[in-house]
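Labels run A, B, C and D following the written order; every chain starts at residue 1.
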Amino acid sequence: MPNMNFAQALNDAHKVEMERDANIYVAGEDVGVYGGIFGVTAGLLDQFGDKRVKDTPITESAIVGTAVGAATAGLRPVIELMFVDFIGVALDQLYNQAAKMKYMFGGKAKIPMVLRMTCGAGIGAAAQHSQCLEAMFMHLPGLKVVMPSTPNDAKGLLIEAIRDDNPVVFLEHKMLYALEGEVAEGDFTIPFGQADIKREGQDVTIVATANMVHTALSAAEKLAADGISAEVVDPRTLYPLDEEGIIQSVKKTHRLVIVHEEVKFAGSGAEIAAIVAEKAFDYLDAPILRVAAPFCPVPFSQPLEQAFIPSEEEIIDAVKKVME
Amino acid sequence: MPNMNFAQALNDAHKVEMERDANIYVAGEDVGVYGGIFGVTAGLLDQFGDKRVKDTPITESAIVGTAVGAATAGLRPVIELMFVDFIGVALDQLYNQAAKMKYMFGGKAKIPMVLRMTCGAGIGAAAQHSQCLEAMFMHLPGLKVVMPSTPNDAKGLLIEAIRDDNPVVFLEHKMLYALEGEVAEGDFTIPFGQADIKREGQDVTIVATANMVHTALSAAEKLAADGISAEVVDPRTLYPLDEEGIIQSVKKTHRLVIVHEEVKFAGSGAEIAAIVAEKAFDYLDAPILRVAAPFCPVPFSQPLEQAFIPSEEEIIDAVKKVME
Amino acid sequence: MDLTNEQLLDMYVTMNKIRTFENRVAELFADGKIPGFVHLYVGEEAVATGVCASLTDQDYITSTHRGHGHLIAKGGDIKLMMAELFGKKTGYCKGKGGSMHIADLNLGIMGANGIVGGGPPLASGAALACQYLGNDGVAVCFFGDGASNQGTTHEAMNLATCWKLPVVFVNENNMYGISSCTLNSMCVPNIADRAAAYDMPGVVVDGNDVIAVCEAAAEGISRARQGKGPSLIECKTYRHRGHFEGDPCAYREDSELEEWKEKDPIPRLEQKLMEIELLTDAKINEIKSGLQKDMADAEQFAEESPFPDVSELTEDVYT
Amino acid sequence: MDLTNEQLLDMYVTMNKIRTFENRVAELFADGKIPGFVHLYVGEEAVATGVCASLTDQDYITSTHRGHGHLIAKGGDIKLMMAELFGKKTGYCKGKGGSMHIADLNLGIMGANGIVGGGPPLASGAALACQYLGNDGVAVCFFGDGASNQGTTHEAMNLATCWKLPVVFVNENNMYGISSCTLNSMCVPNIADRAAAYDMPGVVVDGNDVIAVCEAAAEGISRARQGKGPSLIECKTYRHRGHFEGDPCAYREDSELEEWKEKDPIPRLEQKLMEIELLTDAKINEIKSGLQKDMADAEQFAEESPFPDVSELTEDVYT
């Protein structure tokens, strides 16, 4: 398997799919000549031309809404919205139109579209360019929500997303773009709703998403040195969520720590905690802890931003607490 | 205390505050001549004139954004956005501007504004006019989120909201507008972050919001007949959330059922469950159950809509399950 | 533009069909048979009828909350519509959508829409699909005077010109967005004047003159079909009924309504067709009683159809 | 409009101050002293300078992601700005905002903004407050060519005309929104042409001629102050640097940049002021070395200031 970084893996997924299906088009601000602000769509314009790779004006409601209309009328749009933070100017077209049309129309519509957005803190981009908002999307019936953590997952899940006949929100943590890893060649998919056990363990389950998977993995290394065996579970898709996979792990370890970069309050981890508190309550030997961002916007200043992002130490502390 | 309905109580709150403070203005679609689609702003235009009661074009981003700008520059806008479902066309001005400005500016801004919106199913208004979206607002640092269940709470909380120097999202369940009740006269406030025990009980805590408070109360009546004593706790504000109040109740009853009309998955109840699963874990004698809407848009057809809304029976079933 | 006798008669029948449907819906709403929000098209029939006369089933429309007229003009089946308004399983959306969400993708009807300004981006998207697939289709976006102030409308129009999309934006200027009069919600006399902001043609037509609407629309549609890009047609019209059923209409004068009733598009066409002897009293009676019968059938179908089963609640969310 | 010698010199100094600041920021960014996204105003100095010349501290501005020039022209303190760019506790926002979120409400600076099109509704709101409070203030909204396609801009302009708000919309048309050229993102030659969609005056000025900008802005601002409502001024200009620092600018020709450098607003004013003997080589040197010194002070202040303490992370979210 070739080695590539997360951005290249996503780029590869676009190419594989666009070569396969002529009805896929890519659109967004600066996806063409610029190749995407983070380089994900680099080279697509040259390879596929401007009919299929469309630079847009700065007009997110129209970009998303046009994709919804085009998808309903037979195309398969793959849209880059740049920063997830910008969803506020385009949310209606996503949640009241794309997500609900099929249902409102009694099942008669098919809206195959992917909305790619970058999320997360770490580059000093401040409050309006650093959010994680996955909980918001999870709560909206009609959407699927994908959040990969490795180059290989990114590629397999993006191809799956493009082939899905429902609107898919695809969240790419910006600190992952440069992450290298082995990536399966050519055409392959990873099914939605299958959590991946990124590390096996016996004593505690750590459910982590996106960039936090890696922080959790290094915390798990350190914990191993202290004799604590942590299992790191990456849901990969937040809707559909692999409830069964998470519950199985908790039934084995009897302890749960949830880690995400989103603000803790009403974040994605709340749902995971609530599911486990309902369905695996009798297996739990300790309170469920969440390690997540504090309740504030993302600060600019580097020491503050670093303090905002959940750390290895916080995960280790939480695990030790549930092990008491 | 005079008797009035929920809409009248809100109307009264507007009047009390507008008489007190000349810098309060009311704006929104059809708030003036029409008096608000649900009658909440009736009579305000006549009493206060069109400088202070402003009908707007259909242009929600500008309505909200103008309020943010005006609040920052010294006014106290009270905005009616009609249906909470419309937030999708105006979210950016709420969450990236109003909610974050104070923080981004290092504490130097004050944005005293109230954004009133109606929510909830029950009148056949279908998928784009019936949502409950409180979890979305809870997750956004910088906002306060209010959700009253009685006329008196509505009035006291709205006055508190108008006097608050932060942006407040004020959610009014449309099935409550006609609900009658005693309402304190004149000027009074209910502090944010204080849950109200709407019914005392010993065996199980039911945390419920908005319209569901009443469904929970009638379920509690029926349960009493079966010898089960349910305590019904109404958080009234979802941010700040009275964690302590909820935890105290659970420490007494050892059982928790959460009820809301929002979709269950990643809804407001998930956060409440997660808090209790962390902070009152050792007091819990049973899994935490949530009674909430299923994972679909709100359907139009009356039998489906009624099935969508959590019912007394579902609450009774959940309580009986945790009592087993 | 020379309209054939058949086309003229078709338009007459369509307008009457819409009127009959809407009047009956008003009664059924008052009787409590139809729940929710119902926004009627009475008085505005010439717009949908005149525009859709130049569309085929390959073409798309996006509609609004006030959608019944658009649906009927585009060929929608009143039985399925009525069943949907009743919330029945046999309705267009299996009862899940109701008045504000009826769609028929086989007829290119991309749905009524409960969000003001929700349609324009969708119409541009449908037009993009037509352009991309090279199938000669066009999209028509119906939107209100109120909707023209929404940001989405601006964005969709700008994108449509940038990409030269085959879309026609048809503004139904009935002077009000609920209680908000255009005199207070915009400072330009004509919404068509806004076309210049995108360098697309913008024309104003008498929206109560179905022939004028038809001619203007035919030009915009043929322009779009020829790959010449979008255009904007503003149809000045008026709604006879309240914003929704139950609206007391305190915000407008009775005299204004009376003036507009004088300009009712249906008698206007009727008179014209009687003058050229395409219509006679007998023919009119025949048409109207035919429509009454169809309406009764639709109502009976709706009435007798079952409600959806509660087990269907969570179906149709995903494919 | 007769500008006094003092005013002309002030504008010359302000433009140089912005240029000096931006050039130094570019270096500091390259050196890794300033993190995040940094969008520089080099080449566009005449716009902010010419506009703000007619504003007082009572007046408001809303800025953009490319905000340093607006802040400096409106009287912002470069020490506090530089400290903010460094993420220091002594910065304008205690380090919490960074380049894209600097504000100084005492000077009426309602903040840079990371959201394209975020500012126009805020500016209308500030103008509403001025109108409501009857305090004679006005608001100026700076926005880019790219932002003019955003729905929020359309909505804010429409509302501003409906309510006759004292606001001036100043478009900085630098021909690009990141890589997207106006030739592809809109079909009208001038953004000012869009003013007609709201029935407000719209004018085009040479954005690299600070005197022309100043005259046009003074007219719009005085119009607003007199209660005559909003207007739109389009300033044609160009950014010399990339969209943000680090942008390779592959989307534009070097020759285009060279052409625009010929029209650099600073030498243009300089030459004019030398012709009328307001400036001499000696005076220019004095001004520039003064600015260099101020800049060095600002940098030193930023450099020596402490970072915020981690305990401050969750402060300032609520009052």
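Quick note on the criterion: contacts are C-beta pairs under 8 Å (C-beta built on N, C-alpha and C of every residue); 3 or more make two chains touch, one makes a residue touch a chain.
This structure is a prediction, so every number in the text was calculated from the model and none was measured.
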Shared interface partners, meaning chains that touch chain B and chain C: A, D
Distance between chain centroids, defined by C-alpha means - chain B, chain D (Å): 40
Cα-centroid distance, chain A relative to chain D, in whole angstrom: 36
Inter-chain centre distance, chain A versus chain B - centres from mean C-alpha coordinates, in Å: 30
Multi-partner residues of chain B (at least 2 other chains): 56-57, 59, 61-62, 85-86, 88-89, 92-93, 96, 103-104, 126-128, 141-142, 295-297, 299
Where chain C touches two or more other chains at once, by residue number: 93-97, 101, 113-115, 149-152, 155, 158, 162, 184-186, 316-317
Chain contact topology (line, ring, star, complete or other): complete
Touching residues (chain side chain D, partner chain B) in the complex: 60, 62, 91-97, 101, 103-105, 110-111, 113-115, 118, 120-130, 132-133, 139, 151-152, 155-156, 158-159, 162-163, 315-319
Sites on chain D touched by chain C in the complex: 149-155, 158, 161-162, 184-188, 193-194, 196-200
Contacting residues of chain A [partner chain B, same complex]: 61, 85-89, 91-96, 99-100, 103-104, 126-128, 133, 135-136, 138-139, 141-142, 239, 262-263, 265-271, 273-274, 276-279, 281-282, 284, 286-290, 295-297, 299
Residue numbers on chain B that touch chain C, as the complex places them: 29-30, 32-34, 37, 55-59, 61-62, 85-86, 88-89, 123-129, 294-297, 299-304, 307-308
Chain B-facing residues of chain C, complex: 35-37, 84, 87-89, 93-98, 100-101, 113-117, 146-147, 149-152, 177-180, 184-186, 250-251, 307-308, 310, 312-314, 316-317
